[in-house]
Amino acid sequence: MLVSNFRRKEAIPNHFILILFALLAVLPILVLFFNSIKPFSEFGLNPLGPPSEIRLQNFPDAWIAGEYTKIFFNSAKLVFGSVLLCLAVSLLAGFSLAKLNPKGSTVIAIYLLVGISIPAQLYILPLFLLWKELSLLNTHVGLIIIYSALNAPFATFLIRSYMIRLPDELFDAAKLDGANTFQIFFRIALPLSWPVILTAGLIIGLAVWNEFLFALTFITDPNFKPMATILFSFQARFENNYALQSAAAIMMVAPIAVLFMLFQRRFISGLTSGGLKE
Amino acid sequence: MNFLSKKSYIAWYFVIPVVFIHLFVIGIPSILSLALCLTDWSGLGKINYVGFENFIELFDDRYFKKAIFHNILWTIIFLTVPVCIALMCAYLLTGIKRGQMFYRLAFFFPYMLASVVNCQIWKYLFHPIHGLGGFFESIGIEALASSPFTTKETSLYAAAFVDGWHFWGFLVVIYLTGMYQVDNHLYEAADIEGASKFQKFRYITLPMIRPIFIFSLMIIIIWSVPVFDYVYILTGGGPAYSSEVVANYLYTHAFVRFNVGYASAVGTLMFIYVIFIVGIFGLLRKLGWEI
Amino acid sequence: MIKTIISFVSAIILSVSFSAFSKTKVTWSMESNADRDPIFLEKLQNAYNSAQDKYELEIQFEPNETRIESLRTSMLAGMGPDIVETPGPSYVKEYQEAGMLENLDSYAAEFGWKDKLIPWAYSSGVFDGSLYAIPKTHESMVMLYNKTLFEENGWKVPTTLEELEDVAGKIKAKGMDVYTYGSSGWQPTHEHLVGIYLNNYAGPQAVYEAITGEREWTDPVFVEALELLKKHMVDEGWWSGSLENYYAIGWDDFHAQFATRGAAMMTIGTWTFQATSLGIGQSGDEWGWAPLPSLSSNSGGPNFMIAIGTTMSVNAAAKNKDGAIDVLNWIMSNKDVVIDIASDFQFGEFVVPLLLDDSDIPSTISPQVTSYLNEYARITGEGNYGYCTWTFWPAEPGVHIWKDMEVVWAGDISVEDFMYDHQKMWDKARKKNETLPVPLRD
């Protein structure tokens, strides 16, 4: 059903172009992967190709040097919390901006858009002082609040631009049945929007997983540090030990890659069987 | 379209959480910071009021002007190259059956990696000794022997390339979300009338995904203002300010040169610029664009 | 629930029973480095903790890129570490101006710190007449060369500009780079070279006069010095073959290049000693060092540029001020601890500027380093020292000297214009009382 916008024979040139771009995206990362299983001594001689001898020891080395188990759970906690909080506030706002059009919604839209463009370097200092006053430094809750605020404007707009396309008739019908606004939100808007919920969740989760500026500043206790900060300090500590750095980077992306693949499967099936068609 | 409720304050309940959390974390601290633009604060000691001195100095600052120019260039690059490629790939993706998963994963993979990792990869690839540089030199192409990140003619484009390389897969996902909302009956109808691939794209796909498309353009324009990570890690704005961008300039003044007051003045100008841009979009919306 | 109560109760019991002889904690946030951290933990933190039972020293390591910023943020919030480590006097000045550092005068008098430290190093921590910082390490710039390679080819180690240009031509003819060095990973690397050319072309006396305001930076002698640097860097590509490669090459790269004969020489600070001994040691070649050649007749013979690597101060808002003082005093009173740690780094790090004798230098360190230490002590002792930019330049001109040097090298502005801007920055810094302590030159 999905493919009906092209005839079958057109699929071959499609594949050709897509493969070209896929290679551009993936080949550099393949080099990273090769580097992660290469013995350190081989780097000068064979920079780009696959290793002549596979050295998996880089992974346990990086695991131990980076205290991977601990930082993995710290990061997972942050991602989970931020996705939950951020999605909650963004869904409400996105729904309102898309379907309820409150008076003055333009002001809110402008405010949020301007908010996206403010560089973190500008407000990180006062924010730090505020967080100190509230005893939120060195806590995951503190970071979760920051991450939710950072990602909320984008998520709100993404959700809004999806919900605006949902047919108004559905809402009108529910309204006639006597449902109030909150019921309409939970019973109609939410179930119909879950592709965009997944997309937004994925993007928020990634941003949190990879974030290091705020994590470095707001978490000084090594027991609470998330993954990206470890990678950052890894590069400083093992400056040109590409093998170890690459192994750490691969381990950082692996959980996300697995999660993304799981997401995608449900994403596609959800779309094809979803209630979007009349 | 206020069909849901006569009581419009209900609509506000839905917006309050996001506004509150954003004001709390970003809005209020930013305003506090911006207030420093009229001072000469170093970041640690006494705060002295200096009037508009910082702005007078800024308008005379050739590197600040250079940075603004680079930001504009950056915006134009990102509005064209990744958008075209992503639109094309997303559209092509909707037209195939096999390998969907593979392509999506491949395109999106660079976006999943942290900026530190991506920069590490490309710095390594372009390294003059053990990357492609050495390879090009050995086969006699001297022009590509030195790293594009350290050549002043190419540094900005090289940084933009890596950022774009990491970013376009994200656009693909965004566009796909919109394209799957397009009703297949429309395509089937077009097929019956013998429409070409491009015609279907132009007259069916593009209009249908317009809100999400315009949104992506707006978000690119806005994200191009605070662009920092990739420039900072890959080139540091150098060599010789050839890849300097405004956020990196702000960073250097605030954290390296102990010029927090001056950095706040830079921030204030960025702020005004964005309000201006957003205002334009707001105006378009008032004029009846559905965005 | 029961578990919580038990652990709560036992925590109380523990804290009560230990409080009688518990130690109070002293915190120190230190620049992180994979090779150095374990040594600092073992020979500084643990050694100090077992040497006395009053205080418990706790060192936290953080990468330098982020440490500078997060230190400033936490100091502003009044929750910095007890011992404040900064990258150099220009940072000390900022904190001191803001009243965030403890005045150490009374402790220095009580414990006789002035008699323990090299005079110029002591005075580098004196701001507005009072002591605020103790150097954690001091350093200088040297020229390294591949001794085996030089001997094979019968090259002479250059001491003048003519000899340098002569040997540079011969090295290039062999297909090697003259020097290996690069700024990837640490952009301020440029200032190492700028300092060398200013001091060895114009001479330390002229630099001293400019720092103290008796001479302008627009003086032709400085302009010529930087013109010469530009010629060697851009036109001749002495460093790593070309300007672009110099920008692209980092710490491990240039050590590898030096070890594998990619280049014959290297201009670098003494912090390299450990890495160089290790790197080239594996290749079979032997390395040597020499003072940087004098680049004109003005420069007045070989000199060593003096510099402070990092500094140690006491946080004015420290939770444990006495503990912090005690740690500093313990370091300065235990010469053998300092020598032991510094030897592990081949005197490339933690060279606290204590007054040492020749006999203090242990036999475990490499002969090259030993000879350097003797030469350095002799020549600087005679007053022949130059000035590194990162120790004597105030914050703003200190950034300008390396960051905008790229603009000169790119050919976007002339050296004259650059020096004109530079002088303006110094004037501004002087007006705002931001200049740093300079030892009197006789």
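Residue numbering begins at 1 within each chain, and the chains themselves are lettered A, B and C in the order written.
Keep in mind that, in the parts below, a contact is a pair of C-beta atoms (placed from the backbone, for glycine too) under 8 Å apart; a residue touches a chain by one contact, two chains touch by 3 or more.
Keep in mind that this is a model prediction, so the values were computed, not measured.
**Q** Average the CA atoms of each chain to get its centre, and name the chain whose centre is farthest from that of subunit A.
**A** Of all the other chains, the one whose centre lies farthest from subunit A is C.
**Q** Decide which interface, A-C or A-B, involves more C-beta pairs in contact, and give its chain pair.
**A** A-B
**Q** Need the CA-centroid distance for the pair subunit A / subunit C, whole Å please.
**A** Roughly 41 Å separates the two chain centres.
**Q** Using Cα averages as centroids, what's the distance between subunit A and subunit B in whole Å?
**A** Computed from C-alpha means, the inter-chain centre distance equals 16 Å.
**Q** Where does subunit B touch two or more other chains at once, residue-wise?
**A** Expected reply: 43, 127, 129, 255.
**Q** Which subunit C residues touch at least two other chains?
**A** Answer for subunit C, listing residues that touch two or more other chains: 69, 76, 253, 256.
**Q** Two or more other chains in contact with one residue: find those residues in subunit A.
**A** 44, 124-125, 232
**Q** Could you pull out which subunit A residues touch subunit B in their complex?
**A** Interface residues on subunit A, with respect to subunit B: 1-7, 10-11, 14-15, 17-18, 21-22, 24-26, 28-29, 31-32, 35, 43-44, 47-48, 88-90, 92-93, 95-97, 99-103, 105-106, 108-127, 130, 145-146, 148-150, 152-154, 156-158, 161-162, 164-165, 168, 171-172, 175, 181, 184-185, 195-196, 199, 202-203, 206, 209-210, 212, 228, 231-232, 235, 242, 245-246, 249, 252-253, 256-257, 260-261, 264-265, 268, 271, 276-277.
**Q** Could you list, by residue number, the parts of subunit A that touch subunit C in their complex?
**A** These residues of subunit A touch subunit C: 44, 124-125, 128-129, 132, 216-217, 220, 222, 232-233, 236-240.
**Q** Touching residues of subunit C toward subunit A in the complex: what are they?
**A** Listed in rising order, the residues are 32-34, 37, 60, 62-66, 69-70, 73-74, 76-77, 79, 185, 250-253, 256.
**Q** Considering only the defined contacts, which subunit C positions touch subunit B in the complex?
**A** Residue list for subunit C touching subunit B: 68-69, 72, 75-76, 94-95, 97-100, 184, 187, 240, 242-249, 253, 256-257, 262, 395-396, 399, 403, 406-407, 409-410, 412.
**Q** Could you please specify the touching residues of subunit B with respect to subunit C in the complex?
**A** Going through subunit B, the ones touching subunit C are 42-46, 123, 126-129, 133, 146-147, 149-152, 236, 238-242, 252, 255-259.
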